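Each of the next two complexes has chain A plus one more chain, namely chain B in the first and chain C in the second.
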Partner chain A sequence: MSLIFAIFLPIIIALVIPFLFKKVSNIHTGWFVLLVPLALVFFYGAYIPSVMDGNTYIEEFSWIPSLDISLVSYIDGLSLLFSLLITGIGALVVLYSIFYLDKEKEKLGNFYVYLLLFMSAMLGVVQSDHLISLYFFWELTSISSFLLIGYWYTKDRSRFGALKSMMITVFGGLMMLGGFVLLGIMGKTFSIRELIDQAPILAGHEFFVWALVLVLIGAFTKSAQFPFYIWLPDAMEAPTPVSAYLHSATMVKAGLYLVARFTPLFALSEVWVWLVTGVGLLTLFWGSVFAVKQTDLKAILAFSTVSQLGLIMSLLGIGSISYHVTGNLMTTFTIATFAAIFHLMNHATFKGSLFMIAGIVDHETGTRDIRKLGGLMSLMPISFTIAMIGSFSMAGIPLFNGFLSKEMFLDATLSLQHFNVHSLESWWILFPIVAWIASVFTFVYSLYFVFHTFLGKHKPELLPKKAHEAPWGMLVSPSILATLVVVIFFVPNYFSTMFIKPAVAAIQPLAYQVPADIGFKIKAWHGFDSPALYMTLGVFLIGFILYKTIEKWTPVYERIPAKMSLNRFYDGLMNLSDKGANRLSSSYMTGSIRSYLLYMFAALIILLALTMWIKDAFVMDLTYLAPIKFFEVLISIVLIISTLTILITKSRVTAIIALGAVGYTVALFYIIFKAPDLALTQLVIETVSVALFLGAFYHLPKMNKYENRKLDHRFRLNNFLIALGVGIMVTLIAIASHSQKLVKSISEYYKETVYSEAGGGNIVNVILVDYRGFDTLFEISVLTIASLGIIGMITVRLSKKKGDRKVEDK
Partner chain B sequence: MTTFLWIIVVLISLSILGFVYRLVKGPSTPDRVIALDAIGVGLITLIGLISILFDTVFFLEVILLLAVLSFIGTVAFSKFTEKGEIIQRDRNS
Partner chain C sequence: MEILMSILIGFLFMAAVYLILSRSLLRIIIGTGLLSHGTHLLLLTMGGLGGESAPVLAEGITDYADPLPQALILTAIVISFGVTAFSLVLAYRAYKVVGTDNMDLMKGNEDND
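Right, the complex of A and B next:
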């Protein structure tokens, strides 16, 4: 149970955090929280040696056995790498937050509860082997991320950003759920491993591409891919530890995890390869180009995160090509997967440290606006060093780990030339070119980020605070990450055997049985014949020139019309759905009963007519008909004339009298159809209701007031048509149902037993009080309720008249 | 005998139709009220005839009831046309 327990440990600790925050006020709550990720790092660290040998661990906790839903914790290379990232960077972020968030001013209880909730959710996402529990944790990350982004909930922008990220990621999450359900239907199992085992069978299924696209939408929204990246820059309103943790190192990589996890299943389809690669490259390009435009430190980092995630995504896409090729080429493309995982790890290290530095700069100078900053190098030397390491690694400069993965990335895009399907041979070249341009922009914004903040002229008059170096505690976490950035460059293969090869083996189970099979070694120097070397040199050269002339060409961005922005599109969409729904409902919800009745009757006609037409239900059978008597015809004529009088009369009294005539004629019908009890009741009730109508009539305004304005009795064609339709429809149904009596009436039984069983002679009354006395009971109740209701209404009205409003309001 | 009764039924029905015409057309409300009263009487006659034709005694109650209702109805209408309301109520008490 230890693996399952480890997932839920943060949530369990989160339960006691508010108490600690309230009761132990002299110690920063973060110190207690720090123990959780630290413990988990060691816990998961213990699995490294065994997973390196290709072992996997699985633990199952049955959740809803009858629906076959369980929490399955599955540890292989991929999930272990992510678990270590989550807990490791989680520990560093908690440490950083202890110094970043003030003990007195901030609601630390809330913060750490959300953070621990998120940590559990993220561990659950990466370890779940069951699709439904994966989705469960996935949504938990969305919710905790929503809470964390809106942590300073008194700020409008925080709430806006939280809502936006919630809308987009939950949209993606729901799409993903749809994909999961399709997968469950196709494979008859929710276990990812079992689905992967039957991947070749599933690939032929008609739902396969649908499931693929839906799952990809989920991954793209979470990992801020084009065009769903727009929530990430707005999520920068969160406290910096949150940005560093969620929006650079962990949550935004959940989509990458999902893509990596499903690669053995979906890579069999070429749609997957091209979608993942294409969208990844587009995102890489778009994010890097727009990062240069930003003036807020965290916004630069947000766009850079978007672009780096695109890079990793495209590498995963190229890596999945290995499922379509054989032999040596397979190795060529699996290297892309290797590069993806390697860069994923590198990105978590350098981007985490950069976010923390941005937070430090914000914390110590009071602003994150890069136009106000400058010349901080001498004031904040340690921060400057860390920022430089991070930025240079991001830019892909040697001596830092980013260089290694960037070279591998350029190599991977070049390797696309070997994949000749769909007449790719002519336009594969597009991919390396786009990748190269994006790398140039990455280089530019990396330098821009670090040099515009720390070099140049110091402008103390623009800063809200007097700038000075951060306290040591804030610098510990970014220093550790920056150290890792450098260490990974010098001993990459050590990290590769420990983390990356097991992960690659998990993504490419066809190519490699155990991690040791991967013979690939990371080299910083590829020799002069490597094309990637020249591409990198080109990046440095062009990037440096562009950086030097940055003031001259950035105005180009101003020329891009604001309408092109995807944020504008999102705002428009939200507005449209809001206003549109409003307009739609106000267009048909007029508040007038007349129109509602029109809808109801129209619907009645349409539904009945359609049913009759589709089922071919209309039958006319004359065999059961009784002969028509002259007298009946006569009464019918009277009935019709009276009814028409109600419709066309202009006087209310006439209408009421005609209604009485209708009632009496019906009573006459009862008589000639031999129903004396009904006739008696009908006569009395008709008289009473006519009297009631007259009573009500007395209080109504004179009708001719309306007649003058031609309001009341205007002829309305649609009302007429609908009334006609209802009449015809009901008549047709009556004819049809009379013509096809399928079973015999049970009234023979009543006739035989009315005296012998019930001891009565009047069959109607015996039915009412004996055979079916229950109905009568409740009819009596109805009458009671009606009379009580009338009494209630009249007395309420009277008390109002007396001006006794106070009593009424109570 | 039966034929004779049927002829009477038809005649009375026709007279009811005539009353209905007055009911629809009737220029003033009293015309309509009297027409309604006459329809009630016509109905009583009809039901009596039908009872004979159907050879049943079950409808005699209906005749009684109809007579009572017809009377009450006409009185109520008359009162209404005269005073504007049927049941007088002194609301000030």
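Right, the complex of A and C next:
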């Protein structure tokens, strides 16, 4: 159970964190937390050698066996790489946060509980082989991310950012769940490996593309792809360690993980290839262009994260083309997958360090506004060095790992020319062009980020604090990451054999059985015949010119965004659903009982009439009718006249007396139709009812008589039409049902056995007290309850103090 | 006869619904009274209006009216009486407390929604 236990270790430790925070106040709680990711790094690190050989590990814990739901931890190259990223960068971030967050002022107990919760959730996401448990962990990342973004919950912006990220990622998560369920229905299993095994069969299923699109929406929302990226810049209100961890290195890569994991399943469809590649490139372009516009250090990094995630996404898309080609071309495209994983790793290193530097700058100067910063190089030399390494790597400058992956990226977009379907011959050129422009902008904002913060004129009068170098503890983590950035550049193939190749083998099982099959080597120098070299040189040249003239052309941004802002769309959508729902419900929830009765009666008429019409249910059968007698007609006329009197009369005494007349006429009907007990009861009860009505009338408003008269006796066409409709429907249904009696009455039994079984002669009474005595018992209860209620209403008087009035009203 | 009764019952329902849709509380209760009458007659009619004699055993009679609907109606009459009495007293109390019997004025307001 060690693999499953390892996933839950952070949550288990999280349980004791609040106690440690409360009881051990002289040691920063982070030190205890730090042990968890460190232990896990070593634990997962031990798997590296055997996973390099192509081994996989699987462990299952049956959760809900009857529904076939279990927690399955599956370790292969891909999940091991992610697990190491999560725990490794997790350890660095915890170390950084120990110096970043003050142990006196901050609620560290909460912070580390959320962070550990998140760590467990992420490990669960990348190791789950079961779709439902994957979804479970996926939503747990959304929730813990929500808690972490809203960590400073007294700030409005934090709460807004937390809510926004929650709305968007949970929307995507639910879509993804839909896709998962479709997959489960198609493949009759929730295991990802088993689904991949039957991928060629599933590809022909009618749900396949639906499942594909739904899962992709989940991945796109989590990985902040266009147009769902808008939550990421707002999530920058979180503490910087959180931004560095969640919003650059781990959570936003969950979507990339999902795409990589499902590539062997979905890549058989071209929809997948073009959606992933296209959305990735669009995101790359959009994010890099808008990063230059930002003035907040973390916002620049947020947009840069968006754009880099788009880059990796598009590489994964290009990599999945390998499922559509054969032979040498297959290798050409699997290199894109290789580049994707490589850049994913590189991005985690340099973006993590850059976020930490942004946090340090914020911590030591009191601001993140790039317009107020400048000239910090001499004051903060170590931070400057780290920032420069990170930015240059992000820009794709040689000597740093970003250069290698950027080269491979440009190569991959160029390789699209070999994929000749759907007359792509002339269109493929768009992809490298977009990628190239995005690279130029990446170059510009990388330089902008580092040079505008650290070079130029120092403006101490604008800074809330006096700037100075950060404490050593804060610099340790970014230094480690920056060192990695450089080390990876010099020995890329060492890292590639260790991490990248096993991951690529997991994504491209058709092309490679074991990691050792991948013969590809990363070279820093491609020779002069490589077109990517000239593209890179172009990026440097144009990028440098654009950077130098940045003041001149940035005002262009002032004109575009107002209308094109997706945030405005999101706000509008939120407003619309809020206000719209309010307006909608207040439009029909009038508070007047008459409107509700109108809806009910109208619905009754429409439903009944439609059903009758559709089913052709109206039948009139005249054979079994009782003969019409003179008396009956006479009584009917009396009944109609008294009912009309109620409707027409202006005096309410008349109405009550006419109601009494109706009741007595009904009693007469009972007599004619041979129902003596009914007639007796009806006569008595009608008398009592009329007496009650008169009593109520006596007490009802005198002063209101006037007003009521006016209100009541105006003829209302709407009401009349509805009433007429109800009346007609009742008549039609009565005639139709009387004409189609399907079974005989059971009353013959009562008639035959009433004396022999029950010893009585009055069949109705015997039914009431013997055959169906239960009805009578509860009818007695109804009368009892009614009389008790009446007594209660009359005798219980609540005090009429001001404060109590509301209670009494209801 | 059943057709005639059906039309009569439809007329009672129409009058009842029209009264229920009005504004005065008393008229609404009168409407429910008419609605119960209509329903009771409907029960009786649907049981069949034939039958020579009341359902009480007697020498030499074989064709009794159907006793089951009558038992059902008897129960229904008593229950609707209980409910009517209760709602009448409720109307009386509501008038004492609120001071009106106009349904349109008995709406929830902004504070009480």
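In this section, the second predicted complex is superposed on the first by the 786 of 810 C-alpha atoms of A that agree within 3 Å, B and C clash if a C-alpha of one lies under 4 Å from a C-alpha of the other, contacts with A are read in each partner's own complex, and residues count from 1 in each chain.
Simple rule for what comes next: contacts are C-beta pairs under 8 Å (C-beta built on N, C-alpha and C of every residue); 3 or more make two chains touch, one makes a residue touch a chain.
All values reported here derive from a predicted model rather than from experimental measurement.
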### Message
After the superposition on A, what does A:Thr795 contact: first (chain B), second (chain C), both or neither?
### Response
neither
### Task
Could you tell me if A:Ile657 is touching chain B, chain C, both of them or neither one (first, second, both, neither)?
first
### Message
Is A:Ser25 touching anything from chain B or chain C once the two structures are fitted on A? First, second, both or neither.
### Response
neither
### Query
In the superposed arrangement, does chain B or chain C reach more residues of chain A?
C
### Query
What is the contact status of A:Lys674 with respect to chain B (first) and chain C (second): first, second, both, or neither?
both
### Task
Determine, under the contact definition given at the top, whether A:Leu694 touches first (chain B), second (chain C), both, or neither.
first
### Query
Counting only touches as set out at the top, which of chain B and chain C does A:Gln740 meet: first, second, both, neither?
neither
### Message
Contact-wise, after the overlay, does A:Leu634 reach chain B, chain C, both or neither (first, second, both, neither)?
### Response
first
### Doubly contacted residues of chain A, that is, touched by chain B and again by chain C
674, 676, 695
### Message
Show me the residue ranges of chain B that touch chain A in the complex, using the header's touch definition.
### Response
6, 9-10, 13-14, 16-17, 20, 23-24, 26, 29, 32-33, 36, 39-40, 43, 46-47, 50, 54, 56, 58-59, 61-62, 65-66, 69, 72-73, 76-77, 80, 84-87
### chain A-facing residues of chain C, complex
1-27, 29-30, 33-34, 37-38, 40-42, 44-58, 64-68, 70-71, 73-75, 77-79, 81-86, 88-93, 95-104, 106-108, 112-113
### Summary
Per the touch rule, the chain A residues reaching chain C in their complex are 590-594, 597-598, 601, 620, 622, 624-629, 632-633, 636, 639-640, 643-644, 646-647, 652, 655-656, 659, 662-663, 666, 669-670, 673-678, 681-682, 685, 688-689, 692-693, 695-697, 699-701, 704, 707-708, 711-712, 716, 719-720, 722-724, 726-732, 734-735, 737-738, 745-747, 750-751, 754-755, 761-764, 767-768, 772, 775-776, 779, 782-783, 785-787, 789-790, 793-794, 806, 808-810
### Query
Of all residues in chain A, which touch chain B in the complex?
630-631, 634-635, 637-638, 641-642, 645, 649, 653-654, 657-658, 660-661, 664, 667-668, 671-672, 674, 676, 679-680, 683-684, 687, 690-691, 694-695, 698
